[in-house]
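Encoded as structure tokens, here's the structure I'll be asking about.
Every chain is named by a letter (A, B, C and D) in the order it is written, and numbering of its residues begins at 1.
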Amino acid sequence: MAPQALQVAREFVRTEILERDAEPDTGVHARFRESGVANWWLPESTGGLGLPLVEGVDIAAALAYGDAGLAFSSFVSIVGTSLLELYGGQRLQREWLKPLATTGGYCAVLGSEREAGSELDRMDTTAARDGDTVVLNGTKLFSTNADAADFWIVFARATAGMEQPYVAVVVPRTAPGVRIEKRWNTLGLATSPVYQVSLTDCRVTAENVLAGHGLRLLEIGLNPSRILIAATAVGIARRVRDLCMGYAKNKPLKGTTLAKNPIFADKLAQMEVGIEVMRSQCRAAARDYDAIMAGADPAAGFARRGALKSALVAKVYCGQTGWQIAGTGSEVFGGLGYTDEVAIGRLVRDMRFVSLVEGGDEVVRELLYARHVMPPAKRS
Amino acid sequence: MAPQALQVAREFVRTEILERDAEPDTGVHARFRESGVANWWLPESTGGLGLPLVEGVDIAAALAYGDAGLAFSSFVSIVGTSLLELYGGQRLQREWLKPLATTGGYCAVLGSEREAGSELDRMDTTAARDGDTVVLNGTKLFSTNADAADFWIVFARATAGMEQPYVAVVVPRTAPGVRIEKRWNTLGLATSPVYQVSLTDCRVTAENVLAGHGLRLLEIGLNPSRILIAATAVGIARRVRDLCMGYAKNKPLKGTTLAKNPIFADKLAQMEVGIEVMRSQCRAAARDYDAIMAGADPAAGFARRGALKSALVAKVYCGQTGWQIAGTGSEVFGGLGYTDEVAIGRLVRDMRFVSLVEGGDEVVRELLYARHVMPPAKRS
Amino acid sequence: MAPQALQVAREFVRTEILERDAEPDTGVHARFRESGVANWWLPESTGGLGLPLVEGVDIAAALAYGDAGLAFSSFVSIVGTSLLELYGGQRLQREWLKPLATTGGYCAVLGSEREAGSELDRMDTTAARDGDTVVLNGTKLFSTNADAADFWIVFARATAGMEQPYVAVVVPRTAPGVRIEKRWNTLGLATSPVYQVSLTDCRVTAENVLAGHGLRLLEIGLNPSRILIAATAVGIARRVRDLCMGYAKNKPLKGTTLAKNPIFADKLAQMEVGIEVMRSQCRAAARDYDAIMAGADPAAGFARRGALKSALVAKVYCGQTGWQIAGTGSEVFGGLGYTDEVAIGRLVRDMRFVSLVEGGDEVVRELLYARHVMPPAKRS
Amino acid sequence: MAPQALQVAREFVRTEILERDAEPDTGVHARFRESGVANWWLPESTGGLGLPLVEGVDIAAALAYGDAGLAFSSFVSIVGTSLLELYGGQRLQREWLKPLATTGGYCAVLGSEREAGSELDRMDTTAARDGDTVVLNGTKLFSTNADAADFWIVFARATAGMEQPYVAVVVPRTAPGVRIEKRWNTLGLATSPVYQVSLTDCRVTAENVLAGHGLRLLEIGLNPSRILIAATAVGIARRVRDLCMGYAKNKPLKGTTLAKNPIFADKLAQMEVGIEVMRSQCRAAARDYDAIMAGADPAAGFARRGALKSALVAKVYCGQTGWQIAGTGSEVFGGLGYTDEVAIGRLVRDMRFVSLVEGGDEVVRELLYARHVMPPAKRS
């Protein structure tokens, strides 16, 4: 099944993006939904393909090769769906995951807030218990796919009558009090719309609260998406490389071509070092994730571990290395690299997101140090 | 005089750019022309301010603090005007430099071609002698300000009846056969328009040919502009720093502000190291240039030296360091750094030009090695 | 079996190196030979443990944690033994591999020459067929363990009567004409002796010639050792980290300890990123190697592939990243880091070897580009 | 006068170090004392050459080209002599500076302590007033030249009867209670001996206390030495470059020589960028220092400013860039670069000191941020 899904993704990118030879457009999402591969990770019990994350890494990279915005919008639902799968119970899964498996729809995550920034425990969005319902209020800074999503997972501080100090709540897109405040203009990822959204006295059934401490859940939900974000760096970097090679093959230089220039060769080889190592780390992290997921009690396994070391490392490493590769790539084309005649400018702008979303490098490194370097027993 | 000019430039940036609190617009050029500082380097004999390059470095950095596009468009004429000053004769200077000193107009340079790329000796634009005239034919890839310029300096391969194998020719913007092919869409430097242009049987008087080998002249003309391009990196980097500091001052973090966070402090201090060192190198290079210019026979001095080592070094170093600073800066703002709420995205895009125009790093390093590292006597 | 071997190696390092709390000494080799783990990769058919390379990666890293010289001397025989295993025939394996499996002895490799440098095809050592024998003449620049080795694998240019233009020949240490010219003083790796050696009319039976083109064989033999060299960077880097953490735990700073200083934490976390990613790449490369070794016809498989991409990448990446980590580590201790009170100086000197032996970065990148980047079909 | 001093230093290095073609030896110090250039910065009023720091930068670089240990031992007295000159009064200058100008002797500085580390205000060495004398007690971790010095400048915490909380005191080498505890083994700088020393009830006249707050004085005294340490990086880097070029000129590669290899050329050119920029920053910092020194009241000028921004920047930048250059250089020679056949190993070890002495990078950056980045008015 898996190679087939990867094959479908590659074919989609080739025919729907590369051969169209145009800037990525937002229509690409609807076309991808019809490919049969959308939401490839959803468990077979919900009608999904049930692919392990290690294959997701290859698919995300393949999509990002064509359009990182398509890739990100296509996999970021995994933050919420994996939490539903692990901590959501049968009813929620049936109600919300099954349709996603069928239609390729989205689940949006509402975590970040302006004031709290990287200190999630300072979030101001509140969830208050009221009889059988929970009432949500607050504004969330960034939420990808929020407008087109079937449902949202909202992270909030519990104010009254909750078992946990922070909670994660499933909120239908159609719930009253839910509002798209604005769409952000972003440096890159043009086809992946991100919104500021708000909840005003938004009331949902208390059964929609996921089991567990909300902040721990968010940490867990970010495991697969951080690995897949890292994987997009692999895809973008491959595109940069191939763009460079395509240009160099025919670019005359000193009686031969740029592709045969030793300095160019040395630079591209170093780029390949980065690509290969990024892929190895993404796969290693995905295997760690898959091993827990395939264990006897994945919900308990993830609750115990929280953020996986290898996932944090993949995120930081691929953000840094991808950015280097994009920078190197943009220098290959000389002045043309500063124009829209070559796609490199877009790739540079797209690549930047890897280090900026779902935790900047300092934030991730702080977690890494506290969890995996400070305690001697956790060092490896 | 000089501090005054720098003061005027800073004041202009403050009132006309920073306080308007909007994206840089192209109207800024017209307003700057009226500031009295435009073309600050033109010799007093032509009615200019006659400022040395070491002061130009500070002015260019001050303008780039506000808008790198304004800075680049404002100083790039120096490539041509310095050649006219050194190798142009009284008539040409009177005819073409005086108006620039009065009106703040532009001189555009036409050097780069698509096929030749970094191998300028492969340029296809031709200059043929025909009686008292020279006829020019060819297409030039990139020319900043070409449309609004009073005149162009065209670099061409001599085909017949010329003393030099390559020549530099003054061409009035209004000459017949001169055509703007298109304006390029660029990754950054939005307010600095760059064009593809062509010359078709464009005929000018043979007196418009500058004295000397065209390729050597181009190398000489790039000395001051490469130093000033390097100086724009200083200005953009300072803006990045101040943007970071402005954000950090009020951004709450761990019970205090980001500005008091040790990791942020360490990062910003490293940024300051880069800013200070870039400035020192730009000034050192400018002093080298000014010393030759103030010598007994600057035309011969430059003809003998060609590309100055310190100018080449400034260009490479500031391109690299500026890019690092821009990258660091864009990570300070977290997700907001990926949106247009903060100007950092524009600064990253603007900064990229430093390494891409007037010779990519490999091209400059090749020259540096051949001229200043290989010959033992030239090492310092 | 495997975890046990790793366990033995770790225990050896703990008791024989770390707890002795002295500079590594050469006696460590003899003690390691008695550990039962020496030459852990030799096939079970020869009496060895037959461990796959992916476990060898962990063992090499564990040894290098204690002493990189011990690690290198202990695994570098794999270049020759793997060639004997693949291309040597039953008799050679019985005669030369069995004793190594029993006694933990060494096989030294004689490849590099002063004049040839990285251009192995320019090697001057010759092998001439003479009846049933082959006569070897030449001087080899670097050969680790050559003096203590049971036998050497000599790479030579064939001059007459050979099937291949270059050959690999098994030469007993006791063969006539074999001479140790000198032991090199090296910057680091004090416990791993490396020699300049010569062969003068050294005559061995022609049955000692391995099957295949000598240069291709060398390329193949370097696959496992390059991966294990990369793995030593993991071990040294972990030692650097633990040295830093041990120091930081008790070092007072600003009312707390260095270990709780945010800048230190950030730096150590970045170090951990490097360690984790290096390990992932070493393992990925080792798995590639093991997969071919476990295939139906590994000799043909390796002959077809030559240098493995992932092995080349591991070597380059770990050399670069290890060096960065060593540099960072040496800055943690302030002035003490420049003295022999802390072991960091030795670790910096040891780490340097990763990038310098068995192909410098440019040489490896050139191979990488030619084989895996230029041909579109080979890109991944 | 100045060019002559630089010329003497260069000549000394050529005849006494380079042409001897041996590892630097400690006898070099005595020979340099006789060169007439030793302590070149001492004011003419004391019988010195009175050279400005900008020339000292060139001399330090010239000495470091031959032997960084010689360079460091030769200029580090400037920390103490500049304080004596600024804050010491006529008697002290006559008594202690004059002999140094005549004999080329040393002044050693006793600042660092084990417990205090980078937090100098935690120093434990005490100075207690007792009638007309001051009694010093404590142990100092690192003091270069302490054994051979004529006198020491001791930094201590005042315990009783002093005007300042911290003081700097002139202590004759022959004073009772002064003891050399041990000489350190260091990673590099073999010819620059550094000692742990102690003071036990060491009594000197109270007139030996310099005017001003001891910690501020130390900060001021480090200004010139930090700039000169930075300048040693220039000298070592030039030696690395010339070593590479000398090797490359004759090293055959691909039918030509390494010196004509494009990748090598590109790498060496980047090295030259670093060398040139380091020099520019050292000179810029030295000019800042000289300007204050040439001002109306240099003692007040330095007291007001403390650590100069450009000096801090020079130290950090040259430490980082020098280290990169040393690393690059060591890769040029392949395996030979790991042996003592080429001097590169020593240069790598020597270079490391630039970042480690007189304040590690974090310490210097912290000062830089607090003084020159945080206060908007101090940004440039």
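What to note about this one:
Note that in this section a contact is a pair of C-beta atoms (placed from the backbone, for glycine too) under 8 Å apart; a residue touches a chain by one contact, two chains touch by 3 or more.
What you see is a predicted model, and the numbers here were worked out from it, not measured in a lab.
Distances between chain centres, each the mean of the C-alpha atoms, put B farthest from chain C. Chain A and chain D have Cα centroids lying 51 Å from one another.
With centres set at the average Cα position, the gap from chain B to chain D is 39 Å.
Counting partners per residue, chain C has 262-263, 266, 362 as the residues that reach two or more other chains.
Interchain contacts join each chain to each other chain, per the touch definition above. Only residues 112, 115, 117-119, 141-142, 184-189, 251-254, 263, 323, 327, 330-331, 334-341, 345, 348-349, 352-353, 355-357, 360-362 of chain D touch chain C when the two sit together in their complex.
Partner chain A is touched in their complex by these residues of chain D: 261-263, 266. Residue ranges on chain C touching chain A, taken from their complex, read 238, 241-242, 245, 259, 262, 265-266, 268-270, 272-273, 276-277, 279-281, 283-284, 309-310, 313, 316-317, 362, 365-366, 368-370, 372-374, 376, 379-380.
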